[in-house]
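Letters A, B, C, D and E mark the chains as written, and numbering starts fresh at 1 in each.
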Amino acid sequence: MTDRSPVLELQSVVGGYGRMTILNGCSFAVARGAITTVIGPNGAGKSTCFKAIFGLLAVREGRILLEGQDVRGASPAALIARGVTYVPQGRNLFTELSVRENLELGGVALGSAAAMRPLVEAALDRFPILRQKARDQASTLSGGQQKLLEIARGLIAEPRLILIDEPSIGLSPLMVKEVFATLTGLRDQGVSILMVEQNARSALAISDHAIVLESGRTRLAGTAQEILNDPRVARLFLGGDAGDAA
Amino acid sequence: MRLSATRLALGSGLLALIAAASPARADFTAPDLQIAVPAELSGSGASVGVLWRDGVHMAIDDVNAKGGVLGHKLVATDYDTQTNPSVSRAVIQKALDGHPYAVLGPVYSGSVKVDEELTKAAHITEIMGGEAGDLTTLGDAYVFRTGLGQAQTIPPVVEYMAHDLKAKRIAMIWVNDDYGKGGRDAFLADAKKAGLNVVADLSSEVGQVNFQADVLRLRASHPDAVFIYLHEEEAARFLKGARQMGVAVPMVGGTTVIDSQTMKLAGSAANGVVGFSGLATGAPMPAVQNFVQRFQAEFHVHPDHNAIKGYMAVWMVKAATEKMGKPDATGLAAALHGLMIEPASQPGILLPMHVLANGDVDNGGFMVVVKDGQQHIIRIMKPSM
Amino acid sequence: MAALLAQLLLTGLATGAIYALVAIGFSLLWQGSQVVNFAQGDFVTLPAFVMLGVMGYGLPLWVAMPVALLVSLLVLGVLFRRVLVQPMLRHGVMPLVIATMALSIFMENAMKNVASAEAYPFPGLSGGIDLGPLFLDWQSAVTLLSAVLAVLALHLFLSRTRTGRAIQATAQNPAVARLLGINVDRMILITFLINAALVTLAAVLISPAYLVKFNNGEAIGLTAFCAAIIGGFNQVRGAVAGGLLLGVTETFAATFGPDQYRAAVPMVLLIVFVLFRPQGLLGRREERRV
Amino acid sequence: MSHARHAAVLGAALAALVLAGLVSFALQPYGIYLLSLWAVYTIAATGLNLTLGYAGQVSLAQAAFVGIGAYTTALLMPHGVPFGVSLMLGALGCFVLGLGLGFPALRVQGHYLAFVTLALTTLAFLVMRNETWLTGGIGGISNIRRPAGFASGRGYEFLCLGVLACVTLLAWWLLRSPWGRAFMALRENPMRAASLGVDVRAYTLLAFAIGAALGGVAGALYAPLVQYIEPSPFSLDFSLALLLMVVVGGSGLFLGPFLGALVAVLLPEWLRFLQDYYLVIYAALVIVLLALCPEGLIGLAERHLFRRKGRA
Amino acid sequence: MIGPDAPTVLEARDLVRSFGAVRAVDGISFAVREGEILGVIGPNGSGKSTLFNCLLGQLLPSAGQVLLDGRDVTGMRPAALNRLGVSRTFQLLQVFPQLSVRDNLILAGQEHVGSRIARLFGSPDAGLGAAADRMLGLFRLEALAAEMAASLSYGQQKLLDAAIAFMAGPRLVLLDEPAGGVNPTLLAGFRERLRAMNTEAGATFVVIEHNMEFVMSLCTRVICIAQGKIIANGAPAAVRADPAVIEAYLGD
């Protein structure tokens, strides 16, 4: 790893919905080829921060540097073209379409269906369960399988950076393990991953770096191990003296 | 039966003369006569009302060019009934507020029924374009037709079917509005008397575009002849549909089936259709053809019987006024009753017209067959004298 | 009897195929940008008049057709979206619905003023072929065939091409489509253009039988509406199914039912479907959030 | 909304009626007839405004209710039923039918409801046209007499204005009562309303029924005004026209129908110089108005005159 | 503070709600006594909102019962439930934007006063004017009484949302994230008002809240839900210190 510059950097980003400000000068950097996890209590602005990066939210102040270039205000299409993929929270599939069609749509902005075919095949190879169900409607998949499908769909665009928001939500522990294993696998292939996760312990366990957000600001940042052992983290989540008990 | 050809030639010749010699504006000394023209200028009746209005306007121009009515100039004011009785009542009220000499229009019988009350109360003559049978049966002394009513036009059709065609099984298709319903009821009554057997009685909608089901039903009833009482466009759609599905039995109907508009729209599908009409635009008479040409030149559309009716309404006013010797709005209706109008003295009347006591008129008619897109007269009915 | 039923079915399908064409456009607009287009019927009349206008200069139908298509794409596609739909959408769905009602009044009266209230003939095919008990007329045959081909072509376009798939993705879930880098705005515009093309085709196919008249759209629009809802408002194949079902039902009802109430048939079907199966024949339920 | 503003709105409405009454002394029968027609349209549009503007239920069935009211009066009066009683019976009949029509609204909303009510208008038209034994069918009913004492044009105008005044007071009372608040709650947020004990079903049905009853009242006045009825004025076109009146005037604003009906009655007169083009212009103006200010003309005026507070 | 013999107001018995294969609420049982302020906490997606919707008749539970004062009210419609004295606030703002603040409040109370017919003929404010003014005072909204709710700031609307819930003098109030989006200065006062409603009006509360400080300082008892099940139930401090709770929040 020769290039040590961050793949993505947020500099004092301010933004929100309408009159409501959620991000109050949020700054952090995302290391190349690593998993960086953002944690923080509810309402800290984690998901908002992802939307700001992906051009889904008006950023009022600050800069968002992708490999050194400001991409503030860039459209999702432009970001996808520059190798960024976003897997949002919740269910984001075309539930009426088949698994294969969902995968094919992952690259619809990038090339013809024919050009996407090898990539779709590669995705199906990576996730055997999806190959089994390639012809089924996406809505018939279990929650975990749907999340895998979303990740697989994101990979069709061959991203260098994946933004993934709360992948473990609503999944069984076994499924969470599989999703996380997928993510580490991707990291090992050199993909940078920025993840928001509630399930802080297990997320930090597979992460290289961690960032703690609170009230739209970066409160702590460090290696995953440092953050995991920081007593202030529990206090941020539960308030009072929770951390002392932990 | 012997309609004087000389009279016709004379009439139309005069008319042509007037048309040619009209540019010089007559100098009117007497006060103008206000003519109110309520018509269906918008809404579903627009295609009918606009032609009526244009016919009225053309006649007024012709009359004025010839020096007006006893030296009085005719001045028309148009009113749009929007094909809506409540609006019609409003505009007639407005027209009456201006104390018109006569009201010419409207055409739709619903509107006429509303207006009758008002013109009667104001003692103003209303000459309208409606054909529904009941318009002149209500004892209103101020309302007049401009053409034959259904009570006059249906019997010749029944007779033609019974005697000429020797048909026994009749299928009928009619449009479910005041016009079609009236024609259908009149036909049913007459057909019964003539011993015709109605094997299919098909109601259709105004503006109906698809007649496939009707045609299939008609075919399934195996009629000897078909009676058609539809508006022009619907008649054309029906004829096209029927020909397309290979219906070959004789088709007979009212004025609309042999109307030029129907012929234009139906194209070859109209061939062989027989219809009875009061004054038809296709009547092979110089006066009528001259009217048709001039109308087309002026308004860039082909006239239909409504245009003729509107045209004649003005000449009816002129004839009655001249009979009185002076314009008298309240006496106009009385002067019209029983009046016999001859084209010789009133060239715009086109054919001799007898105004009956109830406000109906009898100006004769034609049994017409369509051949190669042209009307051919089979039989001419003389007006009763 | 069997021959009559077969004939009715054939006739009903030919009628229904037209309904389907207009209904597809209708539901595409709904999927694309929540437009319930009350002027859809008038959208069919406009290209018919354009073609008549072009042919009025002595040009043949095959020249008039592309001209009408071009005008449709421009006026009923681009202009309709830019001038009416986009500025209105921010006010919500209902003002837009009412605006399309006003648009219908506008178009009908404008066409009446320009072309007069007369009906005009339109060139079509005459004659047919006698197949024993069945009679197949060329116009119906061509209508049915063209409609089937158009639906097939549309289906292939939507399912096989990149753009078509992007349109489908946009219709299904615009938010996710955007995440996948689809230019949602452009896809919506394309659905408007497809609608414009479909109504132009419908105009070519129905005008010979229906004639061209300023207010023809009322009947066509209402029926297409019913077809779209009966089939499933949010589904292209639903609109096809709804159109065919309605065409066949109407033909059968007009043949065997009380004909004075024939206009009630689509309405009763509509009410029954809206009340008891609002998602339509093939549609999916619109998601409701608590 | 403050009491003062409530009172001001009522005052403005009643002042308009008094003015209409006074103006009629300077008018020819035509003007008087138009004012009567305005009063009738205003009553029908006020009913629709209640259903659509306040309670948020899209209805394209108002023309059918006007028709039912008109036929009730036209059929009952020749049998010696006094006008007032026929009017009440017509309104009651529409109220009951409106309750029935409300049921679809419990299942579907928005454009689906528009479709259902549209279909019902078409069905009502077909019944009026085809059931000749009852309605006289296509030939309609002519010679409908006006009630004794109101036979003249101006007399009948005063009757129309009087009924409109009563309707105005009733509607005003209703809308400032807890019922009116509940109707608006249906429009704004039915789910939250339900959580506050508002019986959404009952109020939805009532909103339809009361709006329909006012349609019936308008119809009861319409028949003796025109003195002839037939099915075609009660078709879908009239429903659309009433809807446009509400929207043009200002949907959900008390004075909206007054202004909307005035525009509908007078616009053909004002735009007379445009001849056949007036409907084109009217439709275009409606579209522009909707794009600029969906709250209609009253909303547009308010936007410029006051800082808007509550809706009337 | 709350005696062990205080009557039970609300009880959930083995509530289950599944969406497809997912059991969002997976056998939850608890009881709330009169006068209690029960906090419900748990990480995102733990099933709190689904539980609320089941309690309030917005969702039909797949299994189990909801009892109000010992009476089975499972699946009862929200309006009926409200008239039995159950009131709620919503996670996302749910006021009536085109009604004035005062009308919002009167609306919230009017369906509890007299019969529907009597309300039509009675006073326009259904006799609730004084009560509305008192509520306006309590929530410091007096100055905004005549404003359209839409013109209020987010925090003010949040206050109004809560005030609406208290208007009918409810027996039980379910508050869904009352503190979300409210700025810290407003929040302290807000908490005091809720406390006052609890003691003065004797209302029983169930509160879903993510702001832990707010929950801990307001509630008399807290239950923690994770993956559709109750994993802790007790005094706020005890729950906060419960390792299972910390595990649930930080993951395992």
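Throughout what follows, a contact is a pair of C-beta atoms (placed from the backbone, for glycine too) under 8 Å apart; a residue touches a chain by one contact, two chains touch by 3 or more.
Just so you know, these numbers come straight off a predicted model, no measurement behind them.
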Required steps from subunit A to subunit D (each step between touching chains, minimum): 2
Least hop count linking subunit A to subunit B through chains in contact: 2
Which of A-C and A-E has more C-beta pairs touching across its chains: A-E
Separation of mean Cα positions, subunit C and subunit B [Å, integer]: 37
Chain centre separation (subunit B, subunit E; CA means) in Å: 76
Separation of mean Cα positions, subunit E and subunit D [Å, integer]: 41
Sites on subunit C at which at least two other chains make contact: 109, 112, 260, 263, 290
Residues within subunit B bordering two or more other chains: 42, 44, 176
In the complex, subunit B residues that touch subunit D: 41-44, 80, 82-87, 89-91, 93-94, 96-97, 110, 113-114, 117, 132, 134, 138, 176-178, 181-182
Parts of subunit A lying in touch with subunit C, wherever the complex brings them together: 54, 56, 75-77, 79-81, 86, 88, 92-94, 96-97, 101, 104-106, 108-113, 153, 157
Parts of subunit D lying in touch with subunit C, wherever the complex brings them together: 58, 104, 107-108, 110-112, 114-116, 118-120, 122-123, 126, 129-130, 191, 240, 243-244, 247, 276-277, 279-280, 282-284, 286-287, 290-291, 294
Touching residues on subunit E, where the partner in the complex is subunit A: 21-22, 43-45, 153-154, 180-181, 210-213, 216, 237, 240-241, 243, 245-247, 249-252
Subunit E contact footprint on subunit D (complex, rising order): 1-2, 174, 176-179, 181-182, 184-185, 187-189, 191-200, 202, 252, 308-311
